[in-house]
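Residue numbering begins at 1 within each chain, and the chains themselves are lettered A, B and C in the order written.
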Amino acid sequence: MAKVKKSPWLLHYDGSSCNGCDIETLACLTPVYDAERFGVVNTGDPLQADIFLITGGINTQNKSVVEQLYQQMPWPKVVVAVGTCACTGGIFKDCYNILGGADQVIPVDIYVPGCAARPQAIIDGIIQAVELFQRRSDEHEEKKKGAAHGHHH
Amino acid sequence: MIEKIIGVAAYILLAQLVGGLLDGLDRKISARMQGRVGPPLLQPFYDVRKLFAKQIVGVINSSQAAMLYSYLLLMVFSGCIFFAGNDILMSVFVLSTASLFLYFTAVITGSPYNSIAASRELIQIMTYEPAVILACVGFYMASGTFNVSGIIHSDMVMITRLPGFFIAFVFILTIKMRKSPFDVSTSHHAHQELVKGVTTEMGARNLAIYTVAEWYEVVYLLGFVALFVINQQWWSFVLAVVVILAVYFLEILIDNSSARVKYGAMLKWTWAMTLLAAGVNLLILMLIR
Amino acid sequence: MGVAIFLVCFPLLVAPVMYLIPNDKVRGRVTYACGALIAAAALCLTACWAAGGMQVIEAYDPAAWVDHLILAGEIVLAVIVTILCFKYHRGVISLLAIVPTAMIAFLELRGPKLAEVNAIYVDHLSILMCLIIGIIGVLIVVYAVGYMEGYHEHHTGFVNRKNYFFMVLFLFLGAMFGFVLSLSLLWIDLFWEITSVCSFLLIGYTKTDEAIANAFRALWMNLLGGTALAVGIVYLGYRTGNVALQSLISLGVAGRVIAVIPIALIAFAALTKAAQLPFSTWLMGAMVAPTPSSALLHSATMVKAGIYMLFRLAPAMPGTTTGMMVSLVGGFTFFMASIMAISQRDAKKVLALSTISNLGLMVACAGVGRPETIWAGIFLMLFHAVSKSLLFQDVGATENATGSRNIEDMHGLMYRLPRLAIFMFVGIAGMYLAPFGMLISKWSALKAAVDNNNIILVLFIAFGSATTGFYWTKWMGKLIAFSHRSGQKESDHMFPEEVLSLTVHAVLMIALCVLLPLISKAYVDPLLVEMFGTYTDVLSTSILIMLVVTICFVFAIPMLSMVYTRNLKMNMKLSYMSGINAGNNKRFIDAMGDKKKIWLVNYYFEDFIQADRMMRYSQIFAAAVLIIMICVVIGGVL
């Protein structure tokens, strides 16, 4: 099994939020926290990403964008919702245009609460996402092998 | 003949290793320059391994991948010509053909970011090509042959005769290695204006292929740098390694301390530099010959 | 050597017949038959010459009346030009026809007794030219049959003068054969003038104001060259009493002062014909003519007459001021025209500028005048003739199919008109890509320029090949880019004649590429021996092997990649547009929530380059160089 967990690449998308979590996420890459120690790369391209890190809630306008970005990411992939807004819609939840958290449109795997979420919590969330990413990758590989040998799982 | 085979085999087998290690070193040193710990030295290999493990994706149709594979194979082929000790000018021509296939890879998708990046890639090719061709001419004038094996068999250190060509070549190396300030088509940095430039529409395996091709290219280019130093003396090989590492470090330093320029500035500066450094050197060589 | 005479006379005789046939169908049939005959005769000439051991053949001592006929032709031509000049109120230009004709007539009738000269001269170089004219030229004429049909369907505003068009085409073919097969400069001068006038007539075919203006520009520039040629001939005739081209060349090779001025003047004439700066504008203007004439006269053959002349003179070039002038002008033209081509959207303008540019490289090769550069020049000429002719015809057919020859409108042509796009791709690849012959020629030219310490030429080639690559590649990119248009297959409305001609060209292109080493050994090396008297191994064995390997790889790699990836199971994703694709890759959702089409355009640097201004400045510079150099040459002799 390939050790994919050493190379988690993020796609960071900021939905309806106050930008607090957005900034905290970027803070993870600064010298103080240095998420690149774990091989994290903040890529801007869904085709190259493994972990979809979403901050802020879903509104009527970004719904289709989030859906499409998720679809463009190649399998295996993991979704991390960072901050209260991404988890539930947060303080904006009752606004006329807000649909709720990220799980309203795509399957969310890891929830990182906080308003704003702290970098330590975000990194912790990423580490958990990485484990899941590894598991999914292993399954994916097995399935590929199975298909090659004619088995069906 | 045996030398040629060894050269080719070594390039095909080792270039990925060396290229990947240098890439890791680059990321480590860059991180240190920015006051970070940085990823492990082997991170680039982890990345490529992961990319191969993922689902194979593409956009439009299979011709994108076909162009990309052609890029990789032509890249390796041009390196093989070089490391087999054959004609350097021919090798450079094949190299530019390989670069064109990278352009095709990007432009064929018809996606906006990728198309702009492709056009810029083409501008980059136009920008650096004169310096590369002139470097070959310089080697020919100093050693009397275009053959790489002939050049390293001459008894002088080329750089003493070709300092201008060397400066011009190192200058364009910044473009070739996609370093700031000349990374106008694709950058290794996380955030840039064109998303991921020419690699925007490459995911998973395609990106892995691209990365490996880039490693081959870097090793080839550094081999070119070494050619300025190597002759038959043992110390010249040591010196070559030192020069390569120094040049590589210089590129990292420039990358981390400069902002991206516009393509116009890139073109003007590079051509001016090529004309000044390589042109004047060429003139002097012709006069003293 | 009856075949050679047939090659010259037959097209000239067919020409009036063409004019007299009113029916399109019949004329088409006759054109095919005559074209086939001409091509067969060219091949037959080659075969006869090869059977004779590929020796130089000088034959046919003409009777006095034939010489008089030539003179009469010259006078008739001058009269026609004069009448046309006055008809269109450009009387001054007629001086350029009357004065040289008068001079030539005076030389022949009142001048010193000229040595007897054989009429026909056949060697490697003229055979090569005959093959280019006989095969490429005839193919273009065949293509023209179908093309002109479509042309008049689309351009109903122009008077249909197809019979006239074909008459001039055949006239031109005959004149070209005459030009490359003649030994006497007096004959060469006549055929030279005929090609100039044919070009003039074809450019003015549509009789629009623009066409007429451009036609006269082409006329005066070419006649200026013709005048220089005539002055050179008269000077030569008076000083030596021998107007054979070969004797002039041997005088030049021997370094005799007497040859300096004629060679400089003839080289000057060749520069005008080859549309070098400052005379490039006539070729640009010539693009208003229907495509077959652009392909035939202004790319594949007529402009090559200038190159042919320079190649002939090449052995006398090295180390002379004339050689310096020619290589400087050629190199400068190569570089400047390639920069100007970057800023053009009109496909035919790009082709015109790239023709000028490539001719510049050949001219520069001739100016250096070493065996290696002539070797390179010959291959440049060969590849250029085939791929340019292919490209011109293809662009013409594309214009007939889509109504536009703007390169931007060719976006995604590979998906809409695949047949035309593939031919275009092959043609463009042949112009500059490895492993096609252009590359190895450039290699050789660069090496020779370095060997001859020609630093300016080295710089021109290094920078010029970069700019050349740029404008070709971005065009190729347009063809294969995923279409923001319909992407539906369309009909290309091609007539069978056009398909035939395009296919033969493409096959020829690839065959030339594969057979390059063979052609070099079997043909071009003997040509150089004939020309320079020494044998130089331009392609060493190691380079040869390298070349063959490269050719195989560069062909095989994309093919294999194509096959391999086609079978790869791939998950297709939408392309990246910040997540706002409107369901596919052709539209996105804009800030107002509306669907908007994406539209992709290439870089043209129009602000930066400003082709018109650049052309003017380049012309001034090149004219200054020419005038100064010619003054130096003449001053050096006097």
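The working rule: contacts are C-beta pairs under 8 Å (C-beta built on N, C-alpha and C of every residue); 3 or more make two chains touch, one makes a residue touch a chain.
In this text, all values refer to a predicted model and were calculated from it rather than measured experimentally.
Peer 1: What pair of chains has the most C-beta pairs in contact?
Peer 2: Counting C-beta pairs in contact per chain pair, the top pair is B-C.
Peer 1: Which chain's mean C-alpha position is the greatest distance from chain C's?
Peer 2: Of all chains, A has its centre farthest from that of chain C.
Peer 1: Whole-Å distance, chain A centre to chain C centre, using C-alpha means?
Peer 2: Centre-to-centre distance between chain A and chain C: 60 Å.
Peer 1: Roughly how far is chain A from chain B, going centre to centre by Cα mean, in whole Å?
Peer 2: 34
Peer 1: Can you tell me which residues of chain B touch two or more of the remaining chains?
Peer 2: Answer for chain B, listing residues that touch two or more other chains: 55-57, 59, 195, 200-201, 203.
Peer 1: Can you list the chain A residues in contact with two or more other chains?
Peer 2: 45-47, 74-75
Peer 1: Quick one: which residues in chain C touch 2 or more of the other chains?
Peer 2: Answer for chain C, listing residues that touch two or more other chains: 571, 573-574, 576.
Peer 1: Using the touch definition from the top, list the residues of chain C that touch chain A in their complex.
Peer 2: So the residues of chain C touching chain A come out as 571, 573-574, 576, 578-581, 589, 593.
Peer 1: What does chain A use to touch chain C in their complex?
Peer 2: 13, 45-47, 61, 64-66, 68-69, 71-72, 74-75
Peer 1: Contact residues on chain B for chain C in the complex?
Peer 2: 55-63, 65-70, 73-74, 77, 81, 86-87, 89-90, 93-94, 96-97, 100-101, 103-104, 107-115, 118-119, 122-123, 125-127, 129-130, 133-134, 137, 140-141, 146-147, 195, 200-201, 203, 264, 271, 275, 279, 282-283, 286, 289
Peer 1: Within the complex, which stretch of chain C touches chain B?
Peer 2: Its residues touching chain B are 412, 433-434, 439, 442-443, 446-447, 450, 453, 455, 458-459, 461-463, 465-467, 469-470, 473-474, 476-477, 480-484, 542-543, 546-547, 550, 553-554, 557-558, 560-562, 564-566, 568-577, 585, 598, 600, 602-603, 608.
Peer 1: Can you list the chain A residues touching chain B in their complex?
Peer 2: 2-4, 6-7, 9, 29-31, 34, 36-39, 41-48, 50, 74-76, 137, 140-141
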